[in-house]
Structures are given as structure tokens and as C-alpha cells.
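A short write-up of the structure that comes next.
Letters A, B, C and D name the chains as they come in the text, with residue numbers starting at 1 for each one.
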Amino acid sequence: MSTGWTREQMAARAAQDIPDGSYVNLGIGIPELVAKFVPEGREFIYHTENGMLGMGPPPADDERDLDLMNAGKKYVTALPGASYFHHADSFSMIRGGHIDVCVLGTMQVSANGDIANWSTGAPDAIPAVGGAMDLVQGVKNIFVITQHTTRDGEPKLIEKCAYPLTGVGVVSRIFTDLAVVDITPKGFQVVELAPGIGFDEVQQKTGTAILPPT
Amino acid sequence: MINKTCPTVAEAVADIPDGATVMVGGFGASGSPIELLHALIDHGARELTVINNNTGNGEVGLAALIGNGQVRKMICSFPRSSQSKVFPKLYREGKIELEIVPQGTLAERIRVAGAGIPAFYTPTTVGTVLAEGKEVREFDGRQYVLEPWLKADFALIKCEVADRLGNLTYNKTARNFSPLMCMAATTTIVQARKLVARGGIDPESVITPGIFVNRIVEVSEPVHEDTLIAAERSYP
Amino acid sequence: MSTGWTREQMAARAAQDIPDGSYVNLGIGIPELVAKFVPEGREFIYHTENGMLGMGPPPADDERDLDLMNAGKKYVTALPGASYFHHADSFSMIRGGHIDVCVLGTMQVSANGDIANWSTGAPDAIPAVGGAMDLVQGVKNIFVITQHTTRDGEPKLIEKCAYPLTGVGVVSRIFTDLAVVDITPKGFQVVELAPGIGFDEVQQKTGTAILPPT
Amino acid sequence: MINKTCPTVAEAVADIPDGATVMVGGFGASGSPIELLHALIDHGARELTVINNNTGNGEVGLAALIGNGQVRKMICSFPRSSQSKVFPKLYREGKIELEIVPQGTLAERIRVAGAGIPAFYTPTTVGTVLAEGKEVREFDGRQYVLEPWLKADFALIKCEVADRLGNLTYNKTARNFSPLMCMAATTTIVQARKLVARGGIDPESVITPGIFVNRIVEVSEPVHEDTLIAAERSYP
């Protein structure tokens, strides 16, 4: 079996589906890599929910500004044309449908677009939701980047999420190491297979029925 | 490359269709986007619903748009003033509709429309005729009225400085409703007194972040409603 | 009969009851005169609902800034330490109880503190409410300055307002040409009589029972 | 004369009683009012309910306040992070309460508390466990959850520049929740890196107008949480 797309390739593939001029919010982890793969000729403006539009790449260690962080609490920079605002304005952008694309990691996605990425629901877990529930409800297009299965080989694309939901019916497209998958009225639909990956492998590693590429 | 600039006010308003809901920034004369309003008169869209705090003054700007028969309904807090003649006449003749909204409720209804909040409770109007027919509910022993969001298809806005990304600053009390309307309209069209290079506005001082703006036209020497009225001008 | 307080004296008397450091919103008409009579040693900060704190007096004609107006659409100035903000923030100050005192004119006030100052309810009147309903509900202390009677001699302090209400039970104190009157659980209560004015005259010109000074 | 300045952080927090609800500005380390938090530790008020996006890091600032046993309950969106140890330990031991609020709902609940709006509808949490027990209502064919305002007795805020009237500016993303908390608290206490004369802040660039501020202490060289953690510092 092929290994499919790497983390970087998944991010690069997702970046291809973001139109020029989009306002984009990137989740922590693989989604952050999307910023490295902006297609030639396109410009994205990055939103970070702690209060900035126009976020730039991380600074050199000796150029850090301790008051300039992103939502993952990492030091970042501000590009020309950036703006700062308070949290209510920042989440107005999110909740009000002004952000075009949000790229998130996830634990599980269901065939109807439910997403579970904030809690395993384990009794001893400390719940921590942050801005995830606001993002999935408010942003126009919710993209998910995730390995097709867990490290233990369990499917992450399933009929119904077992973990507590972050949002109901909100995901539009999923980028895994094996395929690009859309949420359609008929459920999961493969849009594109990673090079060397066959549809049968994708179906086998998906927890429910998935439609082949048309 | 993101470039929201538009060469002329005529092009900026060219796709506003008949029947559109249009927010117009400004409080009385301050902040009124006269050039965009006159372009909308030239463009000729009719049956408009217009949201503004007032109804214009004299026979220019918003008053001229109303006088030209393009407005079916006004949503505002204060439709009359010492120099407003056009609206009162049409209203008394039954030729224009009016929805009165208290000023603070108007501002918040516009803000929440931009913030994805469909409704909120406010103490304003409790016990008055303006609360009639509305849901009243008690919180912490006090009564409040439920008010819905107020959205628009377009917003016509005047600002002081803009960059090509749509970041805006305003001048003094000309700010008023404009930053809220930028949030609440599907398409926000801005006339800027000065267009500067990207990075030309301090990120700490941006009042309207570019995400809320769609089109920017530089109008470097905007006319002021009060000046036109003093000169007894009319439009067209 | 005496003439009681002049417009200026009514405004000056109202100013005496505004504590040092208050945030104050002044309505159009006689209330505007309050700004001329700030008692020695006190500082008030004026709010205008179209988006400024720190409003100063009107400018000379040749020093007008066309973008610097007050809520009455008159040209004003900004004092050092002023700030500009949008309408939602401005009415958050009002509705959120941050303004200490609002001084309003009125058409009628009732014995339980109802105020009617926005519409006569006449069929041919064009309704226009502006910020009046927000102010009376939100500001901590609602002061009213008004002549005790209309030009026709009709009482303006009455048992129940005949005109459409602006707010219910919101007025705390009334400054008329004849007296300072509080709204109490027992109704109107004269706190102070204008020089040369007798209580009997005040009662006679009031549309309902009014309690004498204690 | 209005003068909201206060000579020391100790005096600024001296009247915070046991059982108070205290909002603390900052998002993670940025904007955290470390000096005011340490003054509150010295002051010793207990049984506090604290509202912040997080629960502090390391053993300084908010984490130290929690570690010192002064906090009965935390209201926040994200109580754990790579460097937060104090809260998770106490929480697992059942020694501190937790109310989880999504970040945008937290921000808006604080804002509306300052704006006199007791409740609003939001799409956030619809269909999730965090909506359980809450009113759900449909507007325009979509479901929304009713959320109440969130007020506080005190707010502890860090800003960049202040004047004696309480006008404030912030530095970059250290702004975050602070302007909202200034609105929502009965008494807002601010530590400013720089105190300037009245008129020293451009009226166009004031982020928090002075009406929302009660006390200002100049702390001209504030320590930063990340710097203290890197140095493995603890407080007291």
C-alpha cells in the first residue's frame, strides 16, 4: 500500500482549494502548514481569533514581540495592512460569517459533516473548547485536514461521531493522507485520490460508506 | 493580489438592484457619503429600503435620493430635522414607508447583524408604544424587549483614510454608524478621502478592518452636506 | 405671583446636583445650558450619543470642523482627553449604565416618574424618537428641566402622562421654573422652592397632588 | 478634578473582598496584568470567581493566584495549556470549580454585560453538550442558543498608555478581552506601562474610553509571564 500524502502535501493540497483574496483562519497543527503553500499569484489574509488580521510568519527568536501572539499562543508577526481588535470584534468576524475558510484538525468527522475535535469525553479529561465551536458555526467553509485513521488504525471518518461534538453538519471538505473527501447529501464522497492510493483502500479505512470519485 | 479599489463612484454602485436594502453611513450631515449617494441617484435603482439615522437634509444626498422617488421605505431613529423637507412631505402624502427604531437599538441591531447574532434583549422601549407587539421578557427582575438583527444588501460609507485591503479610519464624529454598517452589509462600498499604501494605517488605529469592506473609491475632495445646503444646491 | 427661576437659573440649579467627575449627557434646549454653570471646583465630562466623550463648547464660526457635531447636529469642539467611538459603543455607555446623569427636556412627567418627551401622538405628527428611549432606560440619574406648565398654562407634572411615553418610572428629579421636585414612592415631592415662590402656587400649577418641602 | 490614578498596585486592589467576581485581562501570557495579580495575592482575598480565557501558566500571575488557594471557581474557554500545571492539579483534586464557555460566547457575554443587554442568541454550541439545559430557538430557519450577560465586581487590566481620565490604548494582541472587561466590571483597575498627560492620547486612537475605567496605576516596567516562566520563577 502507498503511504499517500505527507503532512506537507495535505496542507499544500488544501491550500489549492482556497480562492485568492480569502480571509483564512488556521487551526493548530497540520492546518498551520497551509500558510507555507499559498499557490502562486494568490494572497490570503490570516485571521487569528485573539485579535489580529494580517498575521505573518513566526519571527526570529531575537525579534519576538511578547505582546504579539496567535491563538495557539505562539509568537507571530504582523504584515503591512494588519489590524488589531478586541475579542468581541474578532468573534464577530467569525460568527458573522466574514471569514471565508477555516482549516481545522479533528479527532472525528461524520458523514453528515459533524465534527468532534475538542474533547474525548473521557471522565478525567479537563474540558477545553477555546474558539472551536465558534469557528465551526461561523466560518463560511470548514475544511478539515487529518490523517485518514488514528495511530491505532481506527477510522476518523465515520457514520456518527463517538466523541462529543464541536458542531453539527458544518464540515464541507476533508483533506486526508489518502484522499480529498467532500461531505455531500449522500454522505462522504471522494473527490480526489492521493497518488498511488486506490479507492478500495480509502473505503476500507473509512468507518462508513464512501462514494468513489465520479 | 487583493485590491478592493474601484475607479469611480459610478462603477462602485452599478450593481445595486431595484428593491435592495441599503445602509447609508452618517449622522445628519457628518459622515454622509454624498458622492456615493449622488452616484446612486445617477444609477437609478428604485424601490430601495434605506437605513440611516435620519432622512437627509435639504435637496442633496440622502434627501435627494428620497426626493427622486427611489426609496420605498426608511428605517431610522429620527426622520425630521430643521432642514429636512423632502421626507416629511412624501411621508404625509403616504408615498414612503417609515420604521422608527430608537437610536441605540438601531445601532445594536446593525452591529449584531454583522456579528452573527439574530436577536438580543434591550430595556429600551419597555412600556412604550414602540414595544407593542414585541416579546417582553424579565431578566434579573427587570423587563426587556427582544429585538432582531438588521442586515442590508449594501452599505454606502464615507471614511477618512483607506488602504487597498479595505482598512479604514474615520474623522471625529463622522465615524458614528459607519463601522457597524460595514459589518452588517453583504457588500460594503466606501468612499475614502485618502487612499494610502498598504501599511499606511497604524494597525492599532484601524477602526474598520478590511474584512468588512468590499469596494473603495477615492473621493479626495468630498463635498459636505452642510456646505451644499448653505449654497442652496440640489441634486441632480 | 413671582416669575420664579429663569432658564439659566434652572440650568444652574440642576448643575448644583451633579457630582464632581460625573459623565453627563445633556438634551437639546434648556439642558444644554447646564454646561455653562458647572460649579466651581467640579469637572464634568460630556457625552454626546453620536460618538464622543469630552465634548467642549461650540467653536467660533471660522473654526468649525464639519465632522465634529453633537447629537443635536450642532458644531462642537473636543477637549483634551476626548475620545471618539462608534454608535454601538456610544449606546453601550448609555444602556450599560455608565453615564451618571442625563438632563432632558420634556412635554410631560408623571408622579411615578414616567416621561413623555418624544411625540404628541397627533395623527399627522411624524414620529421621531432618536436616542431618548435609550437614555431614559440606561442612564443612572434622569434629571428633567422644564417649565412647570405649558405656554397655555397646562400642568406638565401630572398624575399620568397623556402623550406616548418615552420611559416608565425613570425620572428621579425635576427642575422647573418654580421648584425642584423629586419623584418619590409617594409621588411628587417639592425639595426646594424658587425664591419668592410659595408652595400653594406650585400645587396649583401641578396636575396632581404634590408634597410640600419637609 | 478627575484623577483616577492610584499610587500603588497594593492600594489599587485593597478593597477587593472575599467572594468577589474578578475579570482578568489577557489571552495566555499576552496582556496578563501580572503586577495587579501579584498584588491581589499579597492582599489575600479568597473565594474568588475569576473570569479569564485561560487559567494561567507556570507558577506566576493567575496560576499563582489559583495555586495560592484564592480562587473558588474559574470561568474560561481553555483551562489547560502546555505550561499550565496549577489549575489541572487542583481541578482533578476537586478543589476548584470550572465553567467552560466557548471563546466567542465568553467575549460577547462580557461585552453585552457592559452594554446593558441581559441576553442574546448565538449559533455557537448548538447540538453540542455545552448547549444542554439552555434555551434553543429558531430564527430564519437556523437554531440558536440563548446566552446571558457575564458581569464582574472588578476587572484587572494591563494596558500600554493611559491618561488620568482613564483613556487607554493597548499593545498589539495584548488587547484581546481587556476592552470588554473594562466595560463589564463595576470597578475597573488598570496597570499602565505609561501614564501620559490629558490629551496625550489621540482621541481617534483611544481603545477604551475613560468612562469604563476607575483606577490607574503606572507600572512602567511590567514583567511578562513568559519571561518569568522561562526563569522558572514562582510567586509569592
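Convention: a contact is a pair of C-beta atoms (placed from the backbone, for glycine too) under 8 Å apart; a residue touches a chain by one contact, two chains touch by 3 or more.
Just so we're clear, the structure is a prediction, and the values are computed from it rather than from any experiment.
*Asks:* Which other chains touch chain A while also touching chain D?
*Replies:* Where chain A and chain D share a partner, that partner set is B.
*Asks:* Hey, which pair has more contacts between C-betas, B-C or C-D?
*Replies:* B-C
*Asks:* Which one of the chains is farthest from chain C, going by Cα centres?
*Replies:* For chain C, the chain whose C-alpha mean is farthest off is A.
*Asks:* What's the distance between the Cα centroids of chain A and chain C, rounded to whole Å?
*Replies:* 55
*Asks:* Between chain B and chain C, what distance separates the C-alpha centroids? Give it in angstrom.
*Replies:* So the centre of chain B lies 29 Å away from the centre of chain C.
*Asks:* Can you give the whole-Å distance between the Cα centres of chain A and chain B?
*Replies:* About 36 Å separates the centre of chain A from that of chain B.
*Asks:* Spell out, as numbers or ranges, the residues of chain B touching 2 or more other chains.
*Replies:* 108, 111, 115-117, 122-123, 170-172, 203-204, 207
*Asks:* Could you list the positions in chain C whose residues touch two or more of the other chains?
*Replies:* 52, 78, 84-85, 88, 91, 94-95, 137-138
*Asks:* Which word fits how the chains touch one another: line, ring, star, complete or other?
*Replies:* The chain contacts form none of line, ring, star or complete graph.
*Asks:* Following the definition at the start, I'd like every touching pair of chains, please.
*Replies:* All touching pairs, sorted by chain label, are A-B, A-D, B-C, B-D, C-D.
*Asks:* Name, in rising order, each residue of chain B that touches chain A in their complex.
*Replies:* Residue positions touching the partner: 1-2, 111, 113-117, 163-165, 167, 183, 198-199, 201, 203-204, 206, 209-212.
*Asks:* Tell me, which parts of chain C touch chain B in their complex?
*Replies:* Chain C residues touching chain B: 48-52, 65-71, 73, 78, 84-88, 90-91, 94-95, 114, 124, 126-134, 137-138, 164-168.
*Asks:* If you look only at chain C, which of its residues touch chain D in the complex?
*Replies:* Touching chain D: residues 20-21, 23, 43, 45, 47, 52-54, 78, 80-85, 88-89, 91-99, 137-138 of chain C.
*Asks:* Which of the residues in chain B end up touching chain D in this complex?
*Replies:* Checking each residue of chain B against chain D gives 108, 112, 115-123, 139-140, 142, 144, 148, 169-172, 202-205, 207.
*Asks:* Any idea which chain B residues touch chain C in the complex?
*Replies:* Where chain B meets chain C, its residues are 27-31, 53, 77-81, 88, 91-92, 98, 100, 102-108, 110-111, 122-130, 170-180, 207, 224, 226-227.
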